[in-house]
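For reference, chains read A, B, C and D in written order, and residue numbers begin at 1 within each chain.
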Amino acid sequence: MPKRQTIREGGNVLLYLNKKRSYLVKAEKGKSFHTHKGYIQIDDIIGKKYGTRLLSSIDVEFVALKPALRDFIFKAQRKTQIMYPKDIALMVMYSGIGPGSHVVEAGTGAGALTTALAFYIKPRGCVYSYEIRPEFQAIAHKNLEKAQVEEYVELKGKDITLGIDERNVDAVVLDLATPWQVIPHAYLALRGSGSIVSFSPTIDQVVKTVEALEESGFVDLGTFECIMRGMQVARGKTRPQTIMTGHTGYVTYARKAFQKESHLI
Amino acid sequence: MPKRQTIREGGNVLLYLNKKRSYLVKAEKGKSFHTHKGYIQIDDIIGKKYGTRLLSSIDVEFVALKPALRDFIFKAQRKTQIMYPKDIALMVMYSGIGPGSHVVEAGTGAGALTTALAFYIKPRGCVYSYEIRPEFQAIAHKNLEKAQVEEYVELKGKDITLGIDERNVDAVVLDLATPWQVIPHAYLALRGSGSIVSFSPTIDQVVKTVEALEESGFVDLGTFECIMRGMQVARGKTRPQTIMTGHTGYVTYARKAFQKESHLI
Amino acid sequence: MPKRQTIREGGNVLLYLNKKRSYLVKAEKGKSFHTHKGYIQIDDIIGKKYGTRLLSSIDVEFVALKPALRDFIFKAQRKTQIMYPKDIALMVMYSGIGPGSHVVEAGTGAGALTTALAFYIKPRGCVYSYEIRPEFQAIAHKNLEKAQVEEYVELKGKDITLGIDERNVDAVVLDLATPWQVIPHAYLALRGSGSIVSFSPTIDQVVKTVEALEESGFVDLGTFECIMRGMQVARGKTRPQTIMTGHTGYVTYARKAFQKESHLI
Amino acid sequence: MPKRQTIREGGNVLLYLNKKRSYLVKAEKGKSFHTHKGYIQIDDIIGKKYGTRLLSSIDVEFVALKPALRDFIFKAQRKTQIMYPKDIALMVMYSGIGPGSHVVEAGTGAGALTTALAFYIKPRGCVYSYEIRPEFQAIAHKNLEKAQVEEYVELKGKDITLGIDERNVDAVVLDLATPWQVIPHAYLALRGSGSIVSFSPTIDQVVKTVEALEESGFVDLGTFECIMRGMQVARGKTRPQTIMTGHTGYVTYARKAFQKESHLI
C-alpha cells in the first residue's frame, strides 16, 4: 500500500477542531494558520502522519486529517448553492458511475459535483463538464486542482442546451435550471442502457424533466429525494437533531432504451 | 471507449419490464426466459445492443438493459436482510472509499455491500471481507462473480470480533450485529485519518458503537439516517409515494486520530 | 363526573386484541362476536366496566375499551380514501375549531372528518356538511350516529362549488378534489379572521388552492404535510418502523382578512 | 351566532404582518403599538371587525386577526422549551380529549399545553395541572388568563411524582422529564379505558415510559413522532422548505385496562 500517509509540503490537510469547525489548508513552509482557538504552526505538521493530534498556540486540540472526498465537496470554493454529499452519493449510485466511466456533466458550477464524479471514474474514465459562465470555470478548475482530480476532467465552455459533442458515454449528470432542454441531447450522447441523473430543487422542474424523459425514449424512470437526518447520540439523551436541512432537491434518473425501430437492424 | 455495448454469450442482461419487475439473466444460447408476460428467446438478444427493446412471446415489451451496480445490489441472491443502494451510497461517500482504496468489511453476508465496495475500489484497490458463516461465503462468492468483481475481493472465513489481519487500510466498513466489538480492532487496522462506517438498524446498537468509537480515539464522529422518499410524478397528479420504507438503519462514521502520545515520535 | 363508565346495552365497545386488530361492536343482548381468536359472548360484557379484560372462547385475552374519537375515525364505514387522525388533528388545530365553533365542511364523504369536527364543536357548535353524492350521505349519517354526534351536524345534499348558504362561520374545512372552486364561496361564508383549511393529496391541487386563496384576500397562508413515524420501542431493539405511510396529503390553511375597502365603513 | 366579531376594549388582537412576524396585543385605549414597520394606534382598531386591514404609521399593512388557539400557544410567555401546535394537536387526538373531558396534566410549565387542553374540554370539562415550580405557575396563570380559559383549569402546586389526587379522570397528559415515575399514579387516577399520552424529546425517556406502561397494565400502547414539513408554494417554484424543525419529541400513548382480577367483581 504505497499511498501517502505523511503530510508533505504542498499537500492538503484538514485541520479538524469539532463537528462544526474544520479548515482545509495547504501545508506550506513558514506559514501559520489562525483560528479563533489560537494559531497552528504549519511547519510543525509537515512530516507528521495524517491523523496526528496538535495543540494550537492556546493549547486547543486540533487533528490533522487527510481530506476525504466529502471534505473537498463541503470546502469547495463557491459562488453557487452547495450540492450536498448525500445527493452526490445517490446520483453516483443511480447513474451507475464507477472507475472507468465516461460521463457528461452540466453545469460545472463551482465543480463540487465534478470533483466527486472525477474521483469515482479514476483512473481511466473521463468527465466532460459543460459550463457557459467563464467565471465558474475558473473556480471549478481551482477546486478540481485542489482535490487533485483535474486530469480526469475536460472543462468545456459550451452551452449544453445546444448539444453534446460526445457519443456513447455511460452517463449524463445534470445540475442545471432547465434539465428538460438537455434531455434530447443526452439521449444522443448516451450509449444504449446508459444512465441519466438530474438534480432539481423544485417539483415543477421535476415534472418537466420526467415528461421530457418519457418523450425521448428513456425507461426505468424514477424520482426521489433523500432526507438525511442527523442523530445526537449520547447514552440517556439520544434523539434526532432539532434543526435539519429539510430539502435540498429531487433526483430523477432513467436509462436509455433504443427506439422501437432501432433494434431491427 | 472500448467498453462492451453488445450483449454477448454468457453476459448479464437485465430484462426490464417496469418499475416493479425486471429480471437479471445470463445470456445463454438455446435458453428462453419465462415470465408472467410471456417468454423471451435469449438467442434473439445475443449480439444485440444493450438498450434494445424486445417483444415477448405475447407481444409485451421488455428492454434488455446492461445491469448497473444497483441492479446487482437489488438482485443479489440472499439469505439476509437487504442493504439498500441508498445506504450503500452514503456509506461509500462517508468512508471516502474510491478507486484504489484498501477496505476491510464485515460481515460479508450475501455480498451486496461487498459488491459495491469492490465496484468502487477497482481496479487497484482491495476489499478484505470477513464472514464466519461458511454458507454466506458461498452465496457472496456467487454474487461477486455475477457482478464480475470477485478479483478485487478477498473473502476471509474469520471472526472479525477476534481481530483484523490487515494494517494501514483506508476504511473499515461494518454491517454486523455487534459493531462495537470490532472497533478496537478497526482502530489498529486503519491508517491515520482512515475512516470507519457502520450500519445498524437499532438505536441501541448506535449508542454502543458511538461510545466505543469515542473510547478508541476516533474523531469526526457522526450518525445519520437517510430517508429516501419516492415521488409519483405526473402532470396534475404529482405527490410523494403513499407507502415507503420508513427505516432501514443508521449510518455511523468516524475517522482515526492517533492517541496523544503517538505523534511525539 | 357523571360520564358513563359501564358498558350498557346498545352502547359501543372496542374489542381490542392487539395493535393490528380491534373491533368496534354494539353491545347487543344475545349476540356473540366471532373473531379468528375465538368468539366473545356480548351478554357477558354488558354491565362490566370499560377497560375490562375478557377471555374469548379459546382463552385469548381481549380488552373491552370505550371507543375514542380516533377509533370512530379508523372504524368509520367507508367507500372512500381514509382520512388519518393525524391529518384531522392538525386540521382541527390550524382551523382554530373548538367547542362552540360553527363550521362548514365539504365533502362529507363517509363522515370521518365530520365526526371529528362534530366531536370538537360540542355541545353548542354546529357542522354544516356538504355532499352531492347521496350514497355517501347515508354512510356518513350511520357513522355519525354510531359516534353519537349526529345532532351536531347538518348534512346538506348540495354542491358546495355552487355556493355556501351559511354566513359568519368560524371555519371552512375542505376535503375535496377541487378546493379552489370553493374558495370564493368560503370567503363569503367566513366571519372576519375566520379560518379555512384544505386537505389535498397532490401538489398540483395545493398550488391551485394557494393561488385561489391569495386572489380572494386570505392572509396567514401556509401549507404543510405531517409525516407520522411510528417507533418500535423495546429496550435494546428500539427503532423507527420499517414500513410507513409516507404520504397522505398536504394541509393548506389561511385566515380571512377583509378587502381594503371593507373596513372603511 | 352570538360570538364576538368586533374588537372591543380589553380584547386580544393578533397584529399580523407576515408569516414571520405577528404580535399578540391587548386592545387598550390610548395605547399605540410599535414595530419595526411603524406604529399602530390601538384606539383606531377598537370597534373594528376582526379581519380588518390596517396601515401602520409608515403605511405598511397589518391585519387585525382574532387570535386562535395556535396563536396563544406560539405567543405564550415562556421560560421553557416551546411545545408545538403539531404535537399538542396529536396529543389531544390520541388522548381522546374533547368537550367535557376531565384531564390531569403535568408539568404545567408556561401553560401552553394547558391552554390547549382547557380550550378543548370547554365548557364543562376540567384540567388539573400539576407543577412544583412556583415561578411557572405564575406565568401559566397569566397565559391561561390571556387565552380566557383560566376558569377551566385548576393549577396545583404539587409534585405529581408523589401522587395524583383525582380519580376517574378521562386522560392524563404528561410533558415532564421523568414520565415513568408518574405512570403508576396515572393508572390509579384514570377511569377504565382512559388514556395517557406523554411527550418526550429523547428515545431513552420513551423506552422507560413504555416499559412503565407495560408493567402497569396499560394496553394499546404506541409511540410516534410527527414530522411537520412546510411547503413553499408558488407556481413553477414549489418545493419543501429548506430548513425545518427536524425533531421536537416523541408522543407515547396508551389506554388503561383493569388488572385481570379487577373485573371479576
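By our rule, a contact is a pair of C-beta atoms (placed from the backbone, for glycine too) under 8 Å apart; a residue touches a chain by one contact, two chains touch by 3 or more.
Here the structure is a predicted model, which means the values were calculated and not measured.
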item	value
Same-site or different-site touching of chain A by its copy chain B, using the half cut	same
Between the pairs A-D and C-D, the one where more C-beta pairs touch	C-D
Distance from chain D to chain A - Cα centre to Cα centre, in angstrom	45
Computed distance of Cα centres, chain D from chain C, in Å	20
Overlap residues in chain A, where contacts from two or more other chains coincide	203, 229-230, 235, 238
Chain A residues touching chain D - in the complex, by the definition given at the top	201-204, 229-230, 235-248
Touching residues on chain B, where the partner in the complex is chain A	1, 3, 5, 16, 19, 22, 48-54, 63-66, 68-70, 85-86, 88-90, 92-94, 96, 98-100, 102, 119-120, 122-124, 168-170, 191-195, 203, 206-207, 210-211, 219-231, 233-235, 238, 250, 252, 255-260, 262-263
